[in-house]
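Note that the chains are named A, B, C and D in the order they appear, and that numbering of residues resets to 1 at the start of each chain.
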């Protein structure tokens, strides 16, 4: 697994099984795969420290929704939106008086890293309206607020610190953090959505450890949603990449389209989850 | 003054004097104008409640730097950068161990409102580097961090609340807030920079009162810097503008260029003020 | 009509009737209005020189499709797409072996002027595929190519000259030119689509006469489609606007959204007209 | 050389010599390298068919200007601008009554491919002004016009056909075509400018042959300027890349900055070459 970086539990699982050269399951990992009409959903549950160590991921649940046609087919888009909303609702109990803070991570000036900020710009944000006009909304429109904290290099402040500060003020019941990810297999770039309930470490993965934001440290459940948009150059390169150069990434030539389509998919999955009575068509009219 | 909206003290002063039909000064307002080689600098000091009421502005200092060639001439650009840095240093005592939080207000998706966010993207941010490598910097590079809080309509959270939350965490000695402004006179659009020490009310001016962020309420001096990029349609329209329509703004056709040039001017004025030993050329190499 | 500028025949007609202080019709102008479920369609036919002079528009047909909800409602969007496609097909005989050149006029770097270029980026372009894989397509996918010629100020070449040059090479049967427009009434900004068959004069209206591109001068029928996105400041200003300043425009604060939504509407109206067997849903999957 | 793609003659030369396992020169290739203060300039002249075949490049001159600090240092930027202008003037005889057509190739919606269009937006275009105000300019401002033809996938028209059509109308004495390139060595991405006098083949290199635009086929000298911004994934990947996936590219994480800085460098090199009496500072004031 040397030099191979992946943010996907499903790939860490594959690599780990390949390394162990066994076909039976790893202790501490329960996995389940189902495929229907071109969409594959994989549940990976890491149940103990052994599983956590084997996969290099925290204990908890990782749902992967995959389809090669995610960026082209309207049918797939609509079904993936629904799947995302169902998985969010399984992980969190959304009530009409819940307040969810959606955090768009990543750097909006680097196209493949702009997934989180693009998702936030497509949300149906309601918190300020609910506060001022309590009777304006149906019971099934829950409270939603959003934050784009920026990245350490441009703010000078740890992203986790900004999220914590704002979270302490607005006191959400749930935090959903969205970020672009790195995959190891090029077939997963732009075709995959991962949803997990194990918290986030903004800025980690770049070679440094960061504090984890999860229910324990921030007082609200934290769901992380990601789409792989790049592969680390080191993962696929046959030549050594000199450390003094600007970091390289491998991405698809249609990355602008990928970000637009997958951001719409993730955003509307979240919108559907948080506003129970709205249809996809209602949501597309509003945002 | 009915229907005329201006964020510039210099225009409020002109309108107020015109209304009073007097040539002598208003009680509670001290003004001073000097012009040199195509740049006019006006100091307006509001010293008491009478002056504050007459101009509709808080007690304090308002510096206006004006030049019709601000967006074209490199000479003017360089001199205005220096003037901005001098005025900031007069208002705040910047030391090498100071920490300044620069806040980029406004909506980055509306070009004439993107001044604040564009300024932040041109800053020499140092806080995270100073924290990790204390000996890396010269004595005259002060600590700088930055925040783009977004706008109420897209975050669902009062902008002032986000700024306060982050400010309480990072505890800056100084806050500099940058925002686009509305002028009353079309000659001032894109030709003027205003610097004031009276705090900010993010989101006010759209017809609602908001809490003021100033030294009293946030525990750090707050300098506001703005450039007028629009005129309210109501200010110049001879027809009534129906309330049910989307809000109208009057702006220049070259607003993209205006934002780019004035953001660079304001950002480098701030960079010069906060990093005392750097030249404009040094700064342009880094950012 | 002094100082009032409008690109809409429907407004020129209103102004002309108001000036003439009559309620009966102007000689040389036939008009017809029908409204259905929130959409108003006005046909103005200018039949002779008198009508042309009265309205300041060339002899021919001008269709205006208006709805205050054009930028919000998906229902209105879908119906306006269909109306646009029907009007295009009435004006031009599109066959499966037709070649249409769609020209996106305007300056993509000025948001309210970017309609034409945004429409072109949403087209289902087929010319190159049809040339190389003649059997790939259904009979009802016609040939479509597209051009973004730029504006005189950035190319140094008259836009009409670029269009003519390319048109002489690719020899289209039909040219559809899309451009942002100026309205006189703020209620029409972003709510109106005009379709006409009288040709285009790229760069005219800025105070200079330009050669008209029409069937006579370019050898192909020319349909012009526009959406008003601005009002000339001179049209509504109560103060004289000094000539030495950068030109001012009045636009809506949500102009980014307006351009995105109306470009999608016009593009898909064109796509439906040119690819007879495709549904709106098919088209949205492909582009 | 299997699977290795490079647009740089200097790399083709290196690979060819490595393959030939010799240290002496290849017949038909004359090379010359000089380094001064951090900038390396390599001249490669291909003089006969043998050299052309060995390097896979047309007969002619290829100048490579390299500096690891191209994107950071203002000093390097200024010196590279001057070097580019000198090389252009060596290749073409620019007189005050010359007309140069600068063509910005590539797809502006894919960041690493946007070099050409970004260069065009930074040019001092003069053709339309010279035509209308013959006495306005100094003798040493030559005629400049510009074209962004788009890419085959979005126009449906061969790029070469658009360039030829416009060139036949405006009849330039010189064409300068600017495009992003692929390198084989990651050290050359964003650090290198190549200038050649052998013409261009827009759209070639994607695996298809295209007609070459050069003095013979278009009647004007054609200078090509490029900066490598990507590496083909196939060049460095240790795994086979499936053909059915979206094409992958390897680029740097700071590609937005790279494009901005290198586009400014190439544009101002061109501006200096075409407007002999202007300084870099003059040019930066105007564009």
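In this text, contacts are C-beta pairs under 8 Å (C-beta built on N, C-alpha and C of every residue); 3 or more make two chains touch, one makes a residue touch a chain.
All figures in this text were calculated on a predicted structure; none of them were measured in a lab.
Colleague: Return the chains common to the contact lists of chain B and chain C.
Modeller: A, D
Colleague: Rounded to the nearest 5 degrees, how far is chain A rotated relative to chain D when their C-alpha atoms are superposed?
Modeller: So the copies are related by a turn of 180 degrees.
Colleague: With chain centres defined as C-alpha means, what is the inter-centre distance between chain A and chain C in Å?
Modeller: 41
Colleague: At what distance in angstrom does the C-alpha mean of chain D lie from that of chain C?
Modeller: 36
Colleague: Which chain B residues sit where two or more other chains touch them?
Modeller: In chain B, the residues touching two or more other chains are 109.
Colleague: Just say which it is for the chain contacts: an open line, a closed ring, a star, complete, or other.
Modeller: Complete.
Colleague: Which of the residues in chain C end up touching chain D in this complex?
Modeller: Residues 109, 120-121, 125-129, 143-148, 150, 152-158, 161-162, 164-166, 168-170 of chain C touch chain D in their complex.
Colleague: Taking the touch rule as given, give the residues of chain D at its contact with chain B in the complex, in rising order.
Modeller: 72-74, 281, 284-286
Colleague: In their shared complex, at which residues does chain D touch chain A?
Modeller: Within the complex, chain D contacts chain A at residues 109-111, 113, 186-187, 189-190, 231, 233, 236-239, 241-242, 245-256, 258.
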